[in-house]
Structure formats: C-alpha cells, structure tokens
C-alpha cells in the first residue's frame, strides 16, 4: 500500500515523549508499540443540574477508579456522550482527566468527526490535552458513500497527521456502519494505526482480524463486557467495557484469568459480569443510573437522551440484584 | 381532500417579523401559516481547491436558479454536506444565500444537531442569518434511545425556542432512523411545527401522515424526485429534490401539472425526470458531477466523501443521456 | 404514457386454450396478452375447527364477492396461508374456486416453491386446476445466494415450462428478499412473463419498473391498498389488496376514479380505505378477524399463526370504526 | 460452571427405546439426557446429473467420515438443501444415513416446516427413519407474526408430539428471524427440548443462553466453525460446522483442546480452520465445491442454487491454499 511513515526508526520510531510515558524499551531493539493490553472503562460524563460538565464529580469518579487495576481510560467513547458535548468541553474533559490520572494509565480519547479535516484538528487537540492515543469512530452520515476506499483514505489522512497513535473504532449500533474487514486489514500495517476497538460483537470477524493482522503491531479491544471472554479466546488483548464503570474489579480479574490461561475459572465470572447488559438494553442512561447505585456519580444525560423510566430502572436493578452485585 | 388553502384562519399567533416576509395576510384574520407548496433544490456547497467554501460559485448557481419558479431553497440538507461544514461556515452560507435570493423565495435551513441545546442554538443562528424556517433532522447517534418520547421532547423544545417555524426532517438513508409516525402525529399540532420533509419514500406512511394531519396546519414535502409524483397523489404539497439542482424547470412543470389536476400528462415527465436517480445511487458526489454537466458549479466534495470513479461517472452520464437530458 | 389497451397486437402466440378463456381475440391478429387491470382480493382460506379447509365457507365468501366488480382473485398469496397448506389442499382450493367463479374473473394462483422443479410441478397442477395465471413468489431460504442471475434463471425455467402466464411476486416482508430491479427488467420481455405483483411498496422502484418496461407486455400490480393510489399515479394497472376481502367495493370505486382520471376525488377515498392497515400491522389473523366483522367467513389461522389478542382486536376494530366502516 | 456431566440424574423419563440407542443409563436413576457434546458435519446431499439424490455418493462420503471422531451427523440442516428436497426424499435420506452409520453416532435430522402440523408429521417420520433427535428450524414466512408466544407454542406442540428429543434451530441468515432469547429460555425446561443450534453467531446472546439455562438439561451447539472456539469459551458443548464436511479431523482436534482446557493451543488451529469461511461467503455451492477438492462427493446443487462462478471458485480455493489445507 505504501503508506509513508512519519518517522520510522528501524521499526516504529514513535516520538519518545509519547512512548516514554507508557513503555520501557530495551536499548537494542527498535521502538516497541503502544501496549494496549487490559481493561478500560469508557468514562461517563457527569453533568450539573444547569447542564454544564460537572468536573468535580468526574474527578470523584476517577479517585475511586484509581484503586482498580485498569490499563487506562477511554474518554469520549459513545458512553461519554461525546456527540452531545461542545468542542471546548471535549478538550477540557481530556485535559482534566489527564491531570487527575497517573501517567502509567493510558488515555484513549475519542476524536472522530464526520469530516476528515475536523477529525484531524480534534485529534491534534486531544494529543495536546494529554491523550496517549485517539479513538477514531467511523464517519457515518454518508454511510452509503463510505466505501472501503473512502474509509481507508480518511483513516490514513488522520493517522498521517496525528501526533499520537490511532485506534480504529467500529460501533455499528451507533453508526449503522461496520468498518469493513478489508479496510481494517489495509490500515493495520500503518505505523500510526495501533489497533481496533470493535463494538459490533461479530466474533467470527473479530477472530479473523486477529488472525490476519498477527504479523502487524495491531491489537484488538472488545467493545463490550458481553463478548469480552469470547474475544480473549480468539486473541483480543483487552476490552473497553461500559460495565467497567461499575464492576471494574471483577472485569480486571476476568482479564487476569484469561491472560494466565485459567479459562476453567473464567466463564462463571464472565456470566455474572456480562449478565446486566447495561448499555445494550438501557444505553447511556442505564449506565449512569447503575453508577449511582454503585457509589459513583452518574447523574442526568444531556437531551435528547432521556432518563430511564421507572420500569426500566427496576428491570436494570433486577439484573444486578439477581447476580448478587447489588 | 383538496389542496390546502394558502391562507387559513387559526389562532397561531406567529411572530409578524417572520411571517411578514413571506405571506400577505388578510387584515381581519390571525396570522396564517407558512405556505410550503412547491419545489426546492437542496443547495450543494461548492468548495475551493484549498478546501474553503466557494461563495462566488455558490452565488453563480443562485443566479441561474433565479430563472426557475422554485418555491425556495433548502440550505444544508444532506446534499449540502452540512455535517462536513464548521459552525461558522454553516451560518455564513445561509447569510450569503439570503442576500442573494429575493424575499419571496423561502429559505429552509438545516439546523439539526445531535444535542438538543446545540440544535436550539444553531436554529437561533439560522433565523438570525435569514432563514424563513429550519429543517431539523432527527438526532441519530443514540438511535437505540431515540424513542418516540425522546424525539417528541427534542422537537418540542426546539420548536418552543425557535424564532422561525420548524420543519421535521426524516432521512433514514443517512440517519438509520425513521421519525416514527406517532412522533409526527404528536408534533403536528404544535403551532411552530409546520411540516415534514420525508426522504424515506414509504408512500403508505406518507399518505397516512397526510390523512391523519389533515386538520392541522401541517404540510408534507417529498424528499426526492423519485417519489414526487406519487407523493402529490397522496397529498404532499411539494418536494425537496436533489434533482432540482440540475432539472429544476421540468420538476416545477411536473408540480404544476399535479396542482392543476393534469395527471394524465404527469407520468411521462415524472419518468424522465426520476430516472437518473442521482443521489440514490451516486450520493452527493453524483449530484455535484451532474451539476458540472448542466452548467452549474458542483466541484469536489469534502473528505471523507470521494469523487465519483470513472465508471460511476459514466453510468451516471448514461442515465441522463438515455432520457435526452444531456 | 396512457393506460394499456385491453387488447394489444403482438407476436406472443399464447396457447389458445388458455387465452380463449379470458380474452376475445380479433381473428386476424396474434394473440393479445392477458389483461390484468383491476382489483383482486387475495383470498383467505377458512379452516374448520378440526383443522381441515372449510370449502363451504370459502364458497360462501365467493358468493358474496360475486357482487363486487373485481377483476379476479388471487388464490394462495401470502394471505391465503399457502405455506401452511399441504400440496393436495393447494390444488383442491384452486379447483373449487375455479368451479365457483365465472370464467371472466381471472384466477391468479400462487405456485412458488423453494425449488425450481417443485415450482414447475405445482405450476402445472395449478393450470390444470383452472388457474389463468400463476403468481410465483421469489424463493428465499437461500437468500444469500439468490443473485439476479439465479433468480432470472429460476423464473425463466418456470416461465418456459408453464402452460399459463407467469406473474412475478416480490414480497420482502415475508421473504426478506426483494426481486432486484435488474431481474425484473431481464424477465419482462419473456413472452410468458406478464407482470409483477410488488408488495414491497417502494414507489420509486415501482415507477421505474413501469417506465423501463413500457415497451413490453408487462403490467404492475400493487400488493397493498396502502400504496394503491400512489401506484396508479406512477402507472400500475391494479392491485392485490388484502383489504379487498372486506372493502372490495370502495377499492374498485377507487380504481375506477383513477382509470377515469378523476384524481381529485380519489385521495379521500384512498385515505379512508388505506387507514386500517389490516395486514401491515395485524397480519393474516387481522384480516380474518376483520372478515368476521364484515359478514365474511374468516375463522382461525393455522398454527403457528396465533389469533389476535384482545388488545390487538380492539385496536383493529377502532381503525375501522374511526373511519365509519364499522 | 464446569462442563456438563455426561450422565445426570433427573426426572425426565425419556422413552427408553430412544435413549437406549445412545446412552447407557444407571439402573436406579431415571433416564439421563441425550449427550450432544462434539462436532457434527451438516451433511451435504449429492445429486445425480438427472437430478435425483445420489445415495451411492452419499454413502461414499459417510465411509470417509467414519474415520473422524464426529459425535454424529446433521441430516438436512440448511447445508443439506432440505428446502429443495421432496418429502419422500427427506425421509429416505435419513433412513439411508441411519443404515450406514453406527448407532453410537447421533443423527440429528432437520424436520422444521412452516406449519406446526407438518412439522409434527415430519418429526414422526424422521424418528421412524432413525433420527436420534430432530433439529427444528424456526418457521419464518410470517416472521412479522412470529412473536415469542407464537414460537413457544409452536415448539411446545412439536416437542409434546415428538417421539425423539427436539433441538431448537435458529439460523437468521436463512430465516431472517432469530429465535428470541425469551423463547429459548421458556422452552429450555421442557423435558423434550434438549438444546439449541445457534447459527446466528451473536456470542453475547450465546453466552447468556448458556448462563441462564445452566440449571436445565439444555445444551448449546455453535452453528459454524467461525465462532466455534468462542462458543466453547462461553460454554457451548459442540458445533455443527459446514467446514467439518471437509476439515473434520482438525475441528475435532480443536474440540478436544477446548475440552481439555488447552486453550493456549486452540487459537492457532481455530484460525486456520475458520479462515476459509466456506458457507458464509460461498453458500452450499461453496461447500460442495470444497468437498470435491478434499476427496468427497459434492457435485451440483439443485436449482435455484447456482454453481460457483470461476472467480468465486478461485477465491475459495485461495482461502484453502493460503492456510496450507490444499
């Protein structure tokens, strides 16, 4: 394909500033990649009653999360209500989280916009604000025109321009568009594309991607606790799970079991953990409601998202109580 | 049923500033509604080679359109690449079009955003910039949460806050979401909701909407030339047709035939006009390519939209030549 | 374009035995085509409490239908529960209907099966039992493999073998498959393919099919009252409407208005007629329930189809009473 | 959770005649369930050039399969072209396979029809012909009416009437309908419903089903090699994989690794095995073509299924050669 490397030293040649944060490199080897392995909660965005971002409550949540062995945090995935934030809010949130979180935790910041140029600009802003990598959702409004060629060009231009590594992000439930397998395979060799967050849950596809990119520095993250264990079984290296906002410790324990090959112990834990299906059934409002029950700050969503109805809240609560979580 | 009277008594109480522009009101009656009847091209946005909006070329196009008996113009529908424009560009374009176009032509400006608050703010800006009404697309990123209740609340808040009338806009090919029939019926009686642009093309639904809102000041516009004639047959009052950017005169003639009850003459014209299916098959890039052939300025799209491939351009051209348009 | 002449010269060379039944042919011209213009109820199949076909009640219904100016009857469309009938039952029903119905009423019998060979055999049986034409639904179980090429070959083989004309039948709500436009256009010139019943309701497609087959002996029937008027507007010649089982007279009146160019009077009638949306919302069970209210025999469906729940029945009844039909 | 014991105490009371074939029962306990654990090829149906079933070639295939440690065979799943077979052919094939295959291999015979009554009758015939259990696909032509209630009633009536255990079968790619989770959970406790073959591949759903039925005698089989390993990870007990028709030995080896907890060795094997994606991309025609390359009899499909085009065949062959299978 011939993608021009921005800097390429033997292997990757990342800017040391970025990599120095997260990796210890052996002196005689080319630069290693950004190691994405682990569990990430996609942070919810608390709002004040008057509508502004509630940074104090966000920092409270981060203090509680500090005790969980997360690999890092996703800031402004779909669960962060990023399409409902203004541009300045999006950058402020990343900057605040960066200040509140130690350097060894990765920050993956959502920076995807509909236009390529806007994505490039927001990506630069996110890097400046302290993101270790950006998570770039597929543009989707013109989904009928989002051919593999269009998507490969979009991501290549973003990756070329980005000062930090890029993680592809496919979330068909929100975008109505799955990043095609062919596009993923074409982008995987790019030195500034380091992985994929796949929230679609097609495990056959996910296994194929792992298999076909096994010779690249390319890592796959599962986009939900619902298929986290299955994803590990086919070679994913971690997960961005809404459920980690409330059940972070058990999900990190599940990850450890999988990493250590203790599969026989994993399914029970997975089943308990997966069962609530918070966001699949109840969306961001369900996640924020659950956060309140578990001692975190969730609070209201921004319009047009509604709060859960009483019936929905009761059904969600039952899902947690039945498994003994509440 | 009959076509709706342009003036209708009622207790709406529109702000005279807005309505004074577009309607002559009988002295003893309350303010009449905004009469939407007619054909509107959804204006394409020409860009310069360096990427900025090419206002000069946009104004050239408007000079040519001045000779066609359009009812008005849609600024920043899907064909205007609005998701690829910045906020300031969006307002500038409306202001420029307003200056270039006489007052008796309606300007419907797209102002829908994902968040309710952002939609309210952009709506105010569009009114300030000279829009006669706003076209508000359904928010869609959280489509799983966009229940009828959520959508009715969103549109009600926008309509309450808007200084100009609101036209609902349902375009499932882009949003993956059809504004539910129940939501349309709930919103139709709102005094500041004056109609629906429906680009889905489900003619059964469209006929039902016309029938069930026949006692409201509510007008339906077909969102494509492909089902324009059929829409007239079931009671729509006009159309926003990409094809009107290149074949405006015949589409206005088709409208006149329908209005005058000369149905026997309409199908032949419709067939010729509908046949190219510009945007259904070829998207915004197809529309812009066709504009070049017909003497208008189309030019490049913004990334991530690609130009037509040579094969696509040839197929599109054949569609026009076969019917004798080129 | 004009509505097609009932007699048209051409080089088809139909088997006189078949055509003699339904057409009077001028002595010196080749055989004209089968004229499909008009309204057809897709007959429901009444069952006895023990489960067998209730032929007596079926004949009762036909006696009542004799007073309505239908063009004919569809026997074993989707509303006839044909997939729930045995092979012998399917043939018996057609034979009984043929005996009960005068020759000038067309019988269109559903004969589509998953396999080409089975379709050919059932088609022969239907012709033998007295069908004037067969209605052949798209095979669909292997929908992933039903390319245009596969479907064209299937229909061509059926048409070659069939002793009676073939009407294509596309009903995506049941089959999950729309007969592709390209397949329709490839099949339209075949001398034994005389038309299409389209139940998908995509009026743009329907108009295109009429336009692109205007030089063939090919007629389009709308598959629902919901888009019947719109279909006439774009050149369809009739409709197969579940609603005709209960509101046959007003639908035939609507057809007459359209044929006579009295479009201004049509929409009101259409609106009243279309409103109940019997089968779109309530399926075969809804149709059979409505038949009971209107004095016809509906009765139970075969399992796995369930009766309407009380709530569903009440909602359906409201749909009819609101418009004054009940 | 642990893998299910092959013998389990309980009050099922199976007919000894059926169970005697496949299980050894402890003398003082009620009959144990049917143990489904393992790999099953869904047998393809070879045809003669003139169109009839080629029983000799079918038996040749079975002789070759005798050397592979399959748990048994699926006769007339989707890959057996069952919708294209006549009723007598369907029963004959099962009887022939039963005679050719030793008793310790399970025969799961497809017996699902659109009507409940036809399914009951074919189920009885399949049991008579020697099936150990029946695989009952969801009826789907009236998918709009196939509510959970309708499906639960359908399967309950079939299970009540069936002389052999029933395996539910959900294959949305063919039926356009996924057997709802709620229906599966409602049916799982039925003593004559022993499991589910799920070909949809939604691994979150599959894991939930395993978790929520863990106290029932209910076993889940993956419907494709593509998600076999992931399915084992979440608790499935085996798989019905088209690929087993050509790569049976490696798939059985993969199963053994999973059963023995040797997960670290499994992914490589899975990747090689899953990669060809025979039926997902190429359907039954692809499977039959591949069988020819691997020394089995595949041969032509029945119409309307087409042979692979040359391009498709080349692409399929590449998929096998790239992984070293051919």
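Observations, loosely collected:
Labels A, B, C and D are assigned to the chains in the order they are written; within every chain, residues are numbered from 1.
Operating definition for what follows: a contact is a pair of C-beta atoms (placed from the backbone, for glycine too) under 8 Å apart; a residue touches a chain by one contact, two chains touch by 3 or more.
For each chain, UniProt lists the protein as follows: A, B, C, D = 4-hydroxy-2-oxoglutarate aldolase, mitochondrial.
Remember, it's a predicted structure, so these values are computed and weren't measured experimentally.
Both chain C and chain D are touched by no common chain. Following the contact convention of this document, no chain is adjacent to both chain B and chain C. Averaging Cα coordinates per chain places chain A and chain C 52 Å apart. Rounded to a whole number, the gap between the C-alpha centres of chain A and chain B is 37 angstrom. Shared interface positions of chain D, i.e. residues touching 2 or more other chains, are not present. This structure has the following touching chain pairs: A-B, A-D, B-C, C-D. Note for the complex: chain A touches chain B at residues 51, 78, 83-86, 114-118, 139, 141-147, 149-151, 153-154, 157, 173-176, 283-285, 302-306. Within the complex, the chain A residues that touch chain D are 201-204, 207-208, 210-211, 214, 224, 226-227, 229-235, 261, 263-264, 266-268, 270-271, 274-275, 277, 280.
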